[in-house]
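In the part that follows, the structures are each spelled out as structure tokens.
Both complexes shown next keep chain A, but they swap its partner, so chain B is in the first and chain C is in the second.
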Partner chain A sequence: MATVHVNGQAVDIGTEKLNLIEAADRGGVFIPHYCWHPALTVVASCRMCLVEVGDTQPDGSVKMQPRVVPACQTPAKDGTVVVTNSERAKYAQAQTLESLLINHPLDCPVCDKAGECQLQDYTHKFGRAESRMIDEKFAPPNKPNIGAQIELFTDRCIMCTRCVRFTREISGTAELLVNHRGEHAEIDIFPGQPCDNKLAGNVVDLCPVGALCSKDFLYKQRVWYLKSHDSVCADCSTGCSVHVDENKDILYRLRPRENPLAQGHFMCDEGRFGFHYVNSKERILRPQLRRDGKLIPATWEDVLPALRRDIAQAVKQDGSAVVAVLSPFLTCEEGYLLARYFKSLSGEVRLALGPVPTVGEDDTYPKDRHGKPVEPVKFTIRAEKCPNRRGVEEVLRHFQGEVIGFDDVVRLSGEGRLKAVYAAAGYPPRPGGWVSAEQAAALAKTPLLVVQDILPSPASALAKYVVPAVSFAEKEGTFVNHAGLAQGLRRAVKPPAECHTDGQVFLDLMERRGLVHAPTIRAELARDVPFFAPLASGTIDALGVMLK
Partner chain B sequence: MPIKTEDVKWIETPKLGVLDHLYLPAILEGLKTTVFGHMLTPNITVQYPEVQAKMPPNYRGVHRLNRDEEGRVKCVACYMCSTACPAHCIDIVAAPSPWPDREKYPETFVLDELRCIYCGMCEEACPVDAIELTTLHVLTGLSREEMMFDKEKLLSVFDQTVKDGTDPIRTSAGRLGPASEQPKQAPVPGQPGAQP
Partner chain C sequence: MPEYEPVLLRRVGRPNSQSIDTYRADGGYRALEKAVAQLTPEQVVDQVKASGLRGRGGAGFPTGLKWTFLPKNHPGPIYLAVNGDESEPCTFNNRVLLEEDPHQFLEGVILAAYATRAWVAYIYLRYEYGRCYRTLEKAVAEAYAQGLLGRDILGKGFHLDVHLARGAGAYICGEETGLLESLEGKRAWPRVKPPFPAVEGAFRKPTVVNNIETLACVTHIIDRGVDWFKSMGVPPDPKNPRDPGSYGPKLYNISGHVNKPGTVELPLGVTVRELIDKYGGGVWKGRKAKGAIPGGISMGIMTEAEFDTPLDFNGPGKVGCLGLGTGAVTVFDEQTSIADVLYNITRFFSHESCGQCTPCREGTGWMMKMADRIRRGDGRLEDLKILEEIGNAIGIMPGTTICGLADGAGWPVKNAIKKFRPEFESLIRAGTKSTSLQLVSAH
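Up next is the complex of A and B:
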């Protein structure tokens, strides 16, 4: 057992290998740092974490080192003494900040990072209020083409090299480098080789100042207007924990949320920039029903009873000819409600899993310079481009013991053997779409085709009823990722005015009163389906719960 | 707490003399103020609306968006004014600027003059002295839409007030690092404007 003394307070760090920043953090003392990041190697170049350090001698006396040392580079040992609030340590921090600000342009009003900038925050907490710099600042030109999604504001850079180390250690693609030396040092790329790897967006989050900015978010909002919600990325089965940032119910950006159980510190660009369909103008905004061969907008008051009647009629004719398709984009709660609704009509109703979009192979990082994956794997972009196949499959297995594939539904429908198909889709728009024109034509041979989706598709064009679905950012629920980690979705934005959440539609179909409340339904799900038993309390904390 | 007896001072009302009992000196004293203090001094009431009052320069009236020396909008779309605004009447859409000397500029800038409470916080928050309140105080319109002043309208208020001389350009400062405007040429010693 090792004990570290942080500002006179004893902190037990057990047997873990920590540096002094982490050890002090355990004691509730924050040591400012720029270049150090828990997922990257230590370079101790920014000098922001300078502290006074000493060792406890065998006789119990403390011997302090004669100078301040970087906390990120100093391992915490038994008896290490850290002092961050002495005059000398404070002076070192203020001096470091002043030196970092020598060439910083202080264009905070037009900088996209302002409000979440560590240079601002630390200057406020640890620095001095006024600049003594009177000479002209060194202002190298911006590099707008450093990557397809990122722009470098060269003059704001403080040379912490987090971005350079990220491309070398995590993505392994090593596009970024430090060019020139001393005051003239700049982040740069090799000529004609922009930073376009699939994890490139992370350098924007890593950048502690406003040097690297995301072109997607640039000048869209000031960050102090944004409200952040903890959620889960819905773009692949890794299920990265994310912050969903919105203002006035418009989604502006996704940022990775550190979660060692899910993905670590980062997220991929497909997920990060793939949310724009949530704000799309093309969305299905209200329920529609087919009358005289044409889809016409209708109200929920008209559609829900008609839908209930038509489904009940189809089930009465032949229960086994009614199929509900549950997409892997549904939350576990929604899948459970829909399965319960159909199974309550008749035990013969078949439940199928919607198409599981798969693109290529699992893409692991880091890569070597030939693009081949290198062990140990630090980040994986899964080939399975849906967040909740496992969760929906477990629900299906519980209700009917087996999982019927979407292809079987299309085949049966094409042969004209089905009476009704309820496709709860909710797919985001991705190349190829979830249903091809041929598959849609085959589905349309079923007399009662209900399509619940976010955006129009070939299937919704041929459906008898079209019901709006909502995206991951607009609903609450649980996603189970590839490894069986159940994570909670939180509602970040309101769905468009006339859209009801999928869970609410299913509740209304069941004629169960009240509004959908994810924790309640989660508790019911945990009670009924043994796989979800660890969720019995109904609540899921920020990191999620590992199921089996 | 009761008042201490030593703190209480007793005074007698002054006794009126014979002259005072006539009240005439007091009436004349009052007439002196009326005649010399007011009747014979210049009139400060104006015959509005035929005559418009001239407001003091710190009067907080209709807003204007200032132009820089090259006639471009000075605003850098930093949202400080809309953040400071207690009435939430400023709506800005920022975009990358078409000019090389600054990063961003307001693509649209809409100020709801009906919602505004004319507190002047926007003026105070602006880091580049781009938004100012003028002495214009006659603000009429026939619809709510008309009172939503957009960028062009606010710039035209600047042009008009500068041309009429009611609100001359108050400041040419507005250096926000390289964001606002390019550093001026260093003054040549001996020329006007040179620092001693």
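Up next is the complex of A and C:
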């Protein structure tokens, strides 16, 4: 057991190997830092985390080092004494901040980072009120094309080199480098080789100041208007924990949320920039039903009873000719409600798993310079481009023991052997789409085709009923990732006015009263399906729960 | 003091002094043969340790002690990196050694490799030393041809390969870990220590980094013995328990406003005044000196009144300078404006700061801007206060940077302000513009 003394307060750090920033954090003392990042190597170059350090001698006295030392580089040992609030430590930190602002343009009013900028925050907390520099600042030109998604505001850079280390250590693609020397040092790329790897967006999050900005988000919102919600990225089965940032129910960006159980510190660009369909104008905004061969908008009051009636009728004719397709984009709770609804109509109704979009192989990072993956793997973009295949499969297994594939549904429908297909799709628009025109034509041979989806597809064009679905950002529930980690999805934005969440639609179909409440249904699910038993309390904390 | 007979420079100027044949004719490689035949590596280390040899590169760290920091019974490889990135302004003693007598140095390299059990020696030369590189390249080839390098040297089962590496023109490559990074083909950003190079150096293997002049001294310690080496220099200061003494010969460079600039070899402890008057031919144009830089500009500035300070490892520290440094004395005469001196110094460090640590990267640039403003007659009295504050706040001594470049950048600034404050104040008050030529902008 090791005890570290932080500003006079004893902090027990157990047997963990920590540096002084982490150890002080355990004691509730924040040591400002720029270049240090838990996922990157230590360079100790920003000199922001300077503190006074001493060791407890065997006789109990404390011997302080004669100089300030960087906390990021100093291991916490038993008896280490850290002082962050002495005059000397505070002077060193203020001095570093004054230095950082010497060539910083202080263009906060037009800087995208203002409001969440660590240079602002630290200067406010630890810096001096005024700069004593009266000379001209060095202002290198911006580099708007440092990456397809990234712009570099060169003059704002504080040379923490986090971005450079990220491309060398995590993505392994090493596009970014430091060019020139001294105060003229700047981040750059090799000519003609922009920073376009699939993890490139992370350098924007890593940048503690407004130097690296995401073009996708640039000048869209002032960050202090944004509200942040903990959620899960729905773009692959890694299930990265994310912050969903929105303002007035418009989704503006996704940022990775640190989660050692899910993905670590980062997320890929597919997920990061793949959310725009949520704000799309093309979305299915209200239920529609086919009348005289044409889809016409309808109200929920008309559609729901009609839908219930048609489904009940089909089940009465032949329960085994009714299929519910559960897409891997449904939450576990939604899958559970839909499965329960259909199985309550008849045990013969078949439940199928919707198409599982798969693209290539799992893509692991870092890469070497030839693009070959290198061990140890630090980040994986999975080939399976959906968030919840495992969760939905477990629900299906519970209700019917086996999982029927989507291809079987298409085949049976094409042979005209089905009476009703309820496709709960909810797929995001991705190249190829979830259903091809041929598959849609085959599905359309079923007299009662219900398609619940976010955006129009070949299938929705041919359906008898079209029901709007909502995206991951608009609903609550549980996703189970490739490794069996159950993570809670929290609603970040309201769905379009006439859209009901998928879970609400299923509740209404079941004629169960009330609004959908994920924790309640999660508790029911945990009670009924043994795989989900660890979720019995109904709540999931920020890091999720490992199911096995 | 009787006239000193040079040892390191004894062959300088002789015909064909670079060739291995003349070197051997003058008794060259005798020390190596003796060491390999009679001494174990440990005994060589002990002899160097006993001689009190201190690194000639600037910091003055005891060489023998440095060698003992290598891990014991390491399976290898162990590397020897030779620091020939002699970039301190006005310093050129390595250049003389390499251009005139490369084998004397090479013998030291082989001896050091024998003592430290290094298999490979990398000799890192600054880019500007083209002639040194070519001379050394030839010398290495000659040594290989005569079996003094390569496999099974002198039939004693000890191997050594020597590789020459050239920098790309950065001062920071003279910092030992910056040098190792550059050697590995990376940007020469000094590493955070620990681990020190003796534990994890070039290519993450134990590495000894030594200066060229240091290794040339090793040759003579083995050849002439420890007693010869200790017969000259300055014994430890009894009042300073951490002073191991300054023994042996040292090359001093004299430059600046003197009549006869050049390199002389003298026992450690000669005074600045003696160097200027006796060996440098006095201050030029019959003028008086205003001050001098005692050992490369990172060591600070001495005023004329302090010229009786002995130039050993301890002496310059007594008058507020950083240390002996490289032993390169640069004199500026009484007509030189201190504002110009300060600007020249700050400009150099601003140009050469590697850009890694914030206080140095930004501090050196800021100091240059202030020095430039003072020089242009737009200075403010508070600039002096800020300059002094930065000078005190940057470096490894206050703990704000990774390497010693910032200490060297801050030291002459605070020395200049402290020792020439009245002149600065009168320049600033009068708004005097410098009349000297504008230095070409380096960037």
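Just so it is clear, the second predicted complex is superposed on the first by the 548 of 548 C-alpha atoms of A that agree within 3 Å, B and C clash if a C-alpha of one lies under 4 Å from a C-alpha of the other, contacts with A are read in each partner's own complex, and residues count from 1 in each chain.
Everything that follows uses one rule, which is that a contact is a pair of C-beta atoms (placed from the backbone, for glycine too) under 8 Å apart; a residue touches a chain by one contact, two chains touch by 3 or more.
Since the structure is predicted, the reported quantities are computational estimates derived from the model, not experimental observations.
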Let's test your reading of the overlay: on chain A, do chain B and chain C clash or fit side by side? fit
For A:N103, decide between first (touching chain B), second (touching chain C), both and neither. second
State whether A:E183 touches chain B only (first), chain C only (second), both chains, or neither. second
Contacts of A:V11 with chain B and chain C, given as first, second, both or neither: neither
After lining up the shared chain so the two structures overlap, which partner does A:V69 touch, if you call chain B first and chain C second: first, second, both or neither? second
Rounded in steps of 10, the angle in degrees at the Cα centre of chain A between chain B and chain C is 80
Which chain makes contact with more of the residues of chain A, chain B or else chain C? C
Kindly classify A:R132 by the partners it touches after superposition: chain B alone (first), chain C alone (second), both, or neither? second
If you stack the two complexes on chain A, which partner ends up touching A:R222: first (chain B), second (chain C), both, or neither? first
Upon superposition of the two complexes, what minimum C-alpha distance (Å) separates chain B from chain C? 12
Does any part of chain A touch chain B in one structure and chain C in the other, and if so which residues? 136
Under the touch definition given earlier, write down the residues of chain A that touch chain B in their complex. 105-107, 109-111, 136-137, 139, 153, 155, 218-220, 222, 224-225
Chain B residues within the chain A interface of the complex: 76-80, 83, 94-96, 102-104, 127-128, 176-179, 183
Any idea which chain A residues touch chain C in the complex? 42-48, 50, 65, 67-70, 73, 91-92, 95-96, 99-100, 102-103, 132-133, 135-136, 138, 158-159, 177-178, 180-185
As the complex stands, chain C meets chain A at residues 170, 172, 187, 189, 192, 350-359, 361-366, 369-370, 373, 382, 386, 393, 396-402, 443
